[in-house]
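These are the structures, in structure tokens.
Two complexes follow with subunit A in common, the first pairing it with subunit B and the second with subunit C.
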Partner chain A sequence: MKLSRYDYIIVGSGAGGGVLAFHLARAGKRVLMLEAGQRWQPRDYPDNELDASARLMWSGGVEPSQDASLMLMRGRTLGGGTVINQCLLDRFDDIALDDWAARSGLDSFSETAMGRHYDAVEADLSLQSIPESDWNGNARIYADGFDRLGYRRAPLRRGQSRCDVAGGNDCMRCLGGCPRASKQSTAATFLPRAEELGLEIITGCHIHGVVHGSAGVTVYGQVGREQVQFFAARCVLAAGTLGSSRILMNSGLGDALPALGKGFFCHPQFVTFARYAEPVDAHRGSFQALKSDDPRFRAAGFKLENVFMGPVAAAYLLPGGARAHQRLMRDYRHLACIEVAVRDVTPGRLSLSRGGQLRIHKSLGAPERKRAREGLKIIRDIYRVTGATEVAQAPTGIGLHLMGGCAQGLHRDSSVVNPEFAVHGMPRLHVVDGSLFPSAPGINPSLTIMALAHRAAEALLGGAQAPAGISRSVPADAAEVSA
Partner chain B sequence: MTTPASQPIAAFSQRHEQALARIGDVLIPGNGSLPSYSESGAAALAPRALAGARPVDQVMMLRLISVVGALPRPLIALLLLCIRGGMRLPGIAGAPARLLDLALKGVVMNTYYCGLDRTAPDGDSAVFHALDFRLQMQVDDEDTK
Partner chain C sequence: MTATHYLDQARTAAEGLRESSLKERLAELALLRQRIDQRREDIAEQVMAETGKCRTDALVSEIMGSLDYLHWLNKAAPAVLADEKVSTPIALMGKASRIWHEALGTVLIITPWNYPLHIALTAIAPAFAAGNAVILKPSEHTPLKGLLESLVADLPLLSSALQIAYGDGDTARALIDARPDKICFTGSAATGKAILAQAAPLLIPVDLELGGKDAMLVFDDVDLHRTSAGALWGAFTNAGQSCTSVEALYVQRPLYRDMVATLAQQLDALIVNEGDAGDADIGAMTTDFQCDIVEAQLEDARKKGAQIHGGGRIAGTRLLRPALVTEVTPDMLLMQQETFGPVLPVLAFDNEAEAIRQVNNSGFGLSASVWSKDLDRAARVARALRVGAVSINNVMLTEGNPALPFGGVGASGSGRVKGAEGLRGMTRSKAVLIDKQHGKLEANWYPYTREKYRLFGQLISGLSGKGLAALLRFARAGLQLESHAQKPRRNP
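Up next is the complex of A and B:
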């Protein structure tokens, strides 16, 4: 069988793959993107939680860790996680980047070195801070509690262009894809521009593995029931932490890459609801408007999130037996919600079962439990000082920020990907997504994944300016040396 | 452009639907304006909800629904109570309870609170009516260009 040859194959279309595809296509490269999910027109995104879970997420909604203490979610649609997340786009601070630099040995992880890449991706996005005029009742409770207790808060910065919340639109709908194409998912931003520049996309394509050769990389998988193969000079895995790690492990590279699948993090989140006498209407308008901005929280390793969810997710997370649970759900409009998101430090691990199923070994260690307890205490204090009549703690933790597994670094024994974004010892195979993270930053990861994708594009294209801290004078493939 | 189809699982039978409705009625017995699970007809949505699950998980779900749904209602209630208690166990000891909770509570809540029932007098969702829940989203042609 004669295979079409591409300059690049990119597996995955989220924050990493979408941005990288745009920059490679703009440089005139012939690029093929393979995405496991389907392509949607914005107005066709599901308008209910059941279909959004079944059609836009892996495994039909959630994937439990091995001990089921955490329920993980990831997108399976063109645009990946950027379609189903809240598109909260913050830069990392020195606390996060200094830790990365120490772990990876790369001094390119610094606010100064990353600044140029943040600037570049931000220039291609519409970013807006949520104004107080768009707050709903949940945001007002959050702000009131913070102010009364003396904690610092700040407006959230979101990738959005024309939500028209003042006109009555409810952004919670966009957790199942934004029908206005206002949310700055890669499906609404980088991918259409990349397609105009020649990017080819195949959706519904599930990748099993890759074979790295001296002349290029063969990617094999299936579309529907048909087995398929593609060939390119280079392949970039941008399938997310779980996806890219799975593909590398399934390709038989576990023995050659001792750090593969290690260092998995997910910012465990614990939701607490409160009932108020008056309607809160936490589901209306900009349902996330504020964030904690208190250095004490940052130092303690957690943040408090002003958040809410649709009835299905609320019903799953609310505790209690039949009638007590129904009573809380009947008062859905009276519910407020705050969650503590923990900067986890106990690494998890990814592996494959004998049958090839991905296993997620991620337990909550003592540091995570302590951080969660501290955050939950403050949440209860907020609810107390703002007049809640009842507080209900979700019995299950969730993980939305899936990171690590293919850490970037200098050495093969502690990392999978080298400073030029190539897998150690495989100069034509690259990884560009959240799996590169050497540790949990404690900050929403999307913007930094995009910034890393911009930096990766420079590395792959042999850009004029190499990232700070990395001495390089030749393109990535020639620069690769066995670690 | 067509909306991508999500294939409902073919093996979900009338027997599975009845079994799931029995489980659902224990979790959602009905409360004032909220219909019971079986009154809402939500069990019929289960194949659609499970369509995105891995095949191995779909098979396990069907077995679980068949077994649990065949129990007498008091035993179903006791099982669910034990699951809630078992969820508090740390680490791998609590894993079976948490997985059962995800499976049973997950599918019941997903099918009931998604707003796809059409059991209100006006043909709308009786569940959403009871919650007084509606999301507004104005979409113009200009938005999606």
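Up next is the complex of A and C:
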């Protein structure tokens, strides 16, 4: 009986895993993807926030940091975080990349060097900047406030293809799996194309660890109750920041990798609501449209975006007890909402409990608190100048951009993954996801995770089979290659 | 170099060793032990590269096992090899009796590929300690070229006493024809027979450590989790390529189902890989032909109706996933031949006598294990088994103690290595009786006379009789004989 030995096993199907799988499959490699979450047809994604959290995310929705100051979220479904994220896709600037270069010792972290990787992934995605025609009342308040206060703003750029806001669609289901397959999750883009090229995917497969060997890597875990084991010449961990660090720690590699689990960041976010006399209808149309584009904010380490959420999340985030809460909920249509996202600089740490449970040590440091305060002050200013009747600050911070833990760099004492995307000392084991980040960029991470995956594909395949710098537009491309 | 050269050199070395003391030889073995310890990671790497073993197997059985043995040898050898005084019977009063344990001269050691370091060292070391020159012919599949040479390089006695002849069966045959004083062979029964046949006309003694089909007998009063874990380790350590691997697990019927379920679950968690860092459970098979044998046996079993849980070869590698086989029948190859791979057949038995009969009928008889809370029962069964070693409530553990002898019964071979017996096996005992210089003639010397004959009769009755009277009769006959012996035959 022959058991398969793949060229590559990729654990995790999110921003990093999805893009990498596509490029490896396109180079003719035999690739197996293992994903803990389930596969969904777009129309079957849960249609309410509670079910979506429970079924598409880890730990039923939120995982608290050890001190419970931050609620972290991450996707657990085919497509990973890209299925439950807002898919705002931004390139990093030199402020972020210079810091990476300094920390990692890799000069390939620069806008110029990253340019062609961004070009390549963007070419395979449908990207749209949210036009003013798609604004709702919340966006207008945001724009009005920014303009009155003299701050610079910019439209958000999003991976989407057919949201049809102009046609009246306001499903607002982006964070629970896009039923229209408009949002450019890997489940809607890279993965189906990779499957056409021969990628095999096993979903519902929870990986516990890896054993690195001289001729291949054994990857072990569970599908339901069944214990499984797979073999490949190389294994790529793309299980996300928490996932990949956990797999490495659980494999007993903590001693060999002193930097493992260190340097964890999450862009803590705080939302602030305001009540207006007139209906705002923040749930209509594009529930996010605008971001701050002000160099002063960037320098101060925060950014602002307009945002909104369905009633369940609103109920969770609105402050106050009993009546006060009830009143705000009743005025759901009158609520505006802006978030401040902080570029955090105080590194957190990931560890495993004796029982193998992931522990997330991450608290808000003084710099993050200061940055949040500055942002919150501006939000209040915006609400003030736009005539809000009441301002309500969400009690908890949330972390959606989970980064670091397996930093890329030159040295084993300060990083986990080498410039070739291999774990130090383990040439057949790779990490390609948000855990590579040496620090928090203060910018939406997923496009850069994808760009790194493209770069990783080049590194793994070597010069000859490197993916094209820029591939042509999507469906045609896939069709051509598989023909 | 030809076989004759090897032997000539060995004979010269053996002559040279006669000048050395046991103490000097043991001192070199102690240094060898240190060297192995210092270089253990290197050695593990080389062993892993040639055998495919996972790192823990390489470290624990090859290196730790060898170090353990050397440690024991250093402590035990002085007593085991010391000249022995033995009592001298009353009839030989006034004389002293001794046994000297002397070197054989040249020992040819032919080793297999499954434990290339351990098996070689546990034969070389006692042979050398006893004062022999050694020629090692390692398996061509795992020669570990240069390793032993480098380990003994600056040990003058050992480096002159040890030669390594690399090659295959032809090399071995030529070496045997060059007439070493002893052959120690570890390997398959087929090769063992051929060696014995070649050695017979040359009258070279041969120790044979051959294969097994070792059984594990489990009664229904055991701790299920521990016993299952023991069975899996016993069956799969070194990827099942041990002569004492558990190759048939007999479980008392009331426990059978639960045990199979537990085994299956524990088996699924075993990680297969090679070139690991200590974190793989089961390494690769050493040779392609052994993979083929294992796969063929499984295929045969499947065709004959066996249920197989697990198994399979990872494409392009020598990694076999372990297999649990149930619904086993005696007509299956895996119940008739040694498997030497990660395969565990599980059978049910109803009573003690039946289980013993099944085990003793296998033809092989290397080792076995018996598992029961009832130690009387376990000991009873252990005595009834026709094997060379039994572990009770443990598996393959007799090998864990270098003081215990190792060797088989029947098709599993003869002769013992390790332990005092193994060390003595590298010697021939020389019987020595010492009398003083004096003028007296012995009673049993000539001349034979009727009187002497009568007195010998009395002496014998005295010797075999009981009580004081008998003793007196013996003494009187003895004295009379002695004085009679001094007289010449009467000349007419």
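Here, the second predicted complex is superposed on the first by the 459 of 483 C-alpha atoms of A that agree within 3 Å, B and C clash if a C-alpha of one lies under 4 Å from a C-alpha of the other, contacts with A are read in each partner's own complex, and residues count from 1 in each chain.
In the analysis below, contacts are C-beta pairs under 8 Å (C-beta built on N, C-alpha and C of every residue); 3 or more make two chains touch, one makes a residue touch a chain.
Note that the structure is predicted; figures quoted are calculated from it, not measured.
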Given the touch rule stated above, what does A:51 touch, subunit B (first), subunit C (second), both, or neither? first
Once the shared chain is lined up, is A:172 touching subunit B (first), subunit C (second), both, or neither of them? first
Tell me which partner touches more residues of subunit A in the superposed arrangement, subunit B or subunit C. B
Determine, under the contact definition given at the top, whether A:123 touches first (subunit B), second (subunit C), both, or neither. neither
Which of the two partners, first being subunit B and second being subunit C, lies in contact with A:218: first, second, both, or neither? second
Which partner does A:42 reach: the first (subunit B), the second (subunit C), both, or neither? first
Which part of subunit C faces subunit A closely enough to touch in the complex? 48-49, 265, 268-269, 271-277, 279-280, 295, 298, 311-317, 319, 321
Touching residues on subunit A, where the partner in the complex is subunit B: 38-44, 47-51, 53-55, 57-62, 64, 66-69, 71, 76, 162, 164, 167-170, 172-173, 179-182, 283, 310-312, 314-316, 319, 321-323, 325-327, 329-330, 332-333, 357, 363, 395-396
Quick one: which bits of subunit B touch subunit A in the complex? Just the residue numbers, please. 1, 3-4, 6, 26-34, 45, 48-54, 56-57, 77, 80-81, 84, 87-88, 90-92, 94-95, 98-99, 101-102, 105-106, 109-116, 127-128, 130-133, 135-140, 143-144
Which subunit A residues qualify as touching subunit C in the complex? 1-5, 211-218, 220, 226-229, 231, 251-252, 256
